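Each of the next two complexes has chain A plus one other chain: chain B in the first, chain C in the second.
Moving on to the complex of A and B:
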């Protein structure tokens, strides 16, 4: 990472180290607090025990199957949500009229607790389709909003240049729009990743046959807290690592 | 800032034209939204009249509206609404206060801010819902486990936005404050926070939205009362019509909250600058 030190003045290397070291220190504090909590109450397994359970789970074929089901749904939701969000966002960013008509409605839709729509999606899309659809609903909005804002705020001279070199629409999209909005787009993708995880897992809390959300709720109902905590930690950790990587990439683009 | 000022100057110069235009824009949007909602409702109505899906799965909008009207007269609905409103209100108060405090702390102690930044950025509010099962094991199935997590959800955008806003203050503001001998408290309350105002307001708006989304999602997972809980309960007892009445109520509630927050933000941000 230090190779890509930002060219801000001062001690860039040390600054970068600082964030890593500080973040690590915070992480250790959290782990210690977790350890302390687990010694105070029996319902929370210790960090080491959680890791052991997680390790055991990951060699269990049935758990791996649940993991794969969830991962597949999340991936589909992310892909569809991003594409759909990107297309709608592009339309809204390019057309003043579309913005006038659809923007307030989209703002309102973004503000609703989308999970309550799950019972509506269930009969429309079926048991497996509904959780993907929920993930799409969750992942759609950050991409849509960021793309629309990004396209709208592109410097006017980019459009002039594009028409001066007589770029066709496709070339405009690939060579002008995408590079110009790369940062808001990446930020939208970062939010979409963790939101599609949340959408799918929340739907699995509700009604599904297989998947990690069901594992969590089932182990909660059986009082099998180590498995529950281990699964929650796994989900959070995966979403966390992906978004941290995307965030670092985003910062480097500055 | 300067951009806004020039904009305003222009508005003053050509007031009649641009004013009508602005109003026209806002009105067009409002009318367009209303038309879209009505058209969507009619399409749904037509589809269920044609029998594209069974009335038992997704009732027609007219049925849902009638059911919503009936719900407004029942005590149970107001009890659930009260529970959700209480949870959301408490988490807004706790979350936004803590978030503001954290934002000021991160501004004063940049090193602490940098250590927290990656976590705040990647736990951007919503993934925290996944901690809910852990929280109910720790605290129990009651309002406080919802309030704790929803407060953290409201806190994160508030803290991030406050930090960004405070870090973006032109250094000359603080220099001026120091040179006229303002104390740290006066600098914070009279200079720094007002200067970061638009960001803080945006953080507040997001905090409110996230705590509403979080509270309802958590109630939906498992709870004893509240709008989210009721929807799940009605789903499991196959009372489809009543469930859709509740879903509609949640949509109306969040719509009202979003619109009123936008209104408040607009009034506050223009009122402050005049």
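Moving on to the complex of A and C:
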């Protein structure tokens, strides 16, 4: 930004209006609160201790393997969920009839707690496939809903323009629809990233051989709270960083 | 003689609405001579935009046909350029990329796209704004971008659907003069839909007056004004006479349309 507010309050006022400074201040407050909580209960390790455990974990080959298993499942879930959600959303956005028929079904499906389907998915997709499928179910809806709404709310003149210049269906998609829905699409992707992590890790809590969800549950069973909290913090941190990056990209769009 | 210009024969468009059929366009048989500038005026709600949509190939007529240069219009074609009333610039593309959009879809080569885009941008007076985004431009400038995009394809026929309706009076007069100047240079056939009588007379060689539903061409008025026109001509005797003549037809029609709409609402 090149525009500066009149510098009436001097330097401190300018600093307080800076988002980065605000975010940093909030971060410090959270760390302090964490420190305080850790002195109240033995379940929560101190921030520094957590960081040490996290560092140790990340040099442990077995832990890295768990991390990779989870990351792979999340990535697959995100990819499939986004593609599937995007395609269905596109169909619902383009066809009024499809919307009419499928909207009630989708509202119901989106409304049910998806994790209750896990016992059904397990025998269907196996141990590895089921958690990806669960991640897909979680990631699917925000993309689907945002794409469908975005396509439906596209200015009508874009359609007229595309027809008048004889854009073929592919050109309509690449040159008009995708850029026109860029904002809701990216917002949907941002949600899909976090939700595919939720879907996969949640599944790993229930039944799986490897993965960070299993690490969390195992360390809980062993009362190894530092490892448990360090893993949870790692999951939060990764989802947080990806969300921030996507959010910044979203803000830079025209 | 080779058929030329735009030939409309018995063009009708009917829409089925919950309140019954609407005859937007009814048996229009008219000819737009090749290279001429024709304006269509009519009360709001008459089928002037629909008639334009039929010529552009975006709307199929319920019956009848339109031929351009002897070729029947069956759908959109690169030889037919359209400028819409709404802002149709794509906000994620720069001015130059907006102007290239139509050529891109028509498979014009990259180098050719670039040179023709630059030329069209120059023609509409936007030189220097090639890399600007539409959101940073005024409404009038965005309509120039849309015009440049249409002209860059080098269509035989340019159809304009109230392109300046959303703009302020000064911008409208100024852009109208620009359109007239560009038409004098390119010699394209132009059909210009507007609800502004002065604009229609000032720009065109012929003014068609359209009726409220069913939409028929009530009168074709030749504009006998000098080819070189500046906006000061609106205060001339000839201009006023034309204005009064068209207005007397239009006024009765507007009244009828207004009463029909009121009756439908009651």
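Operating definition for what follows: the second predicted complex is superposed on the first by the 236 of 254 C-alpha atoms of A that agree within 3 Å, B and C clash if a C-alpha of one lies under 4 Å from a C-alpha of the other, contacts with A are read in each partner's own complex, and residues count from 1 in each chain.
Assume a residue touches a chain if its C-beta (ideal position, glycine included) is under 8 Å from a C-beta of that chain, and two chains touch if they have at least 3 such contacts.
Everything quoted here is computed from the prediction, not taken from an experiment.
Touch criterion not met for A:65: it reaches neither chain B nor chain C. Within the superposed three-chain arrangement, the count of touched residues of chain A is higher for B, of the candidates chain B and chain C.
In the superposed model, A:124 makes contact with chain B only, not with chain C. In the superposition on chain A, contact is made by A:163 with chain C only, not with chain B. After overlaying the two complexes on the shared chain, residue contacts for A:225 are found with chain B alone; chain C is out of touch. If you check the complex, the residues on chain A that touch chain B are 18-19, 22-23, 25-26, 37, 41, 43-44, 100-105, 107-108, 110-120, 123-124, 138, 190-191, 194-195, 197-198, 201-202, 205-206, 216-217, 220, 225, 228-229, 232, 235-236, 239-240, 243-244, 247. Considering their complex, residues 25, 28-30, 32-33, 36-37, 53-54, 57-58, 111-112, 114-119, 121-124, 126-127, 129-131, 133-134, 136-138, 209, 212-213, 216-217, 220-222, 227-228, 231-232, 235, 243-244, 246-247, 250-251, 254-255, 257-259, 262 of chain B touch chain A. The touching residues of chain A, when paired with chain C in their complex, are 155-158, 160-168, 171, 175-176, 179-180, 182, 253-254. On the side of chain C, the complex with chain A involves touching residues 56, 58, 75-78, 80-82, 84, 86-88, 90-93, 101-102, 104-106, 133, 135, 153.
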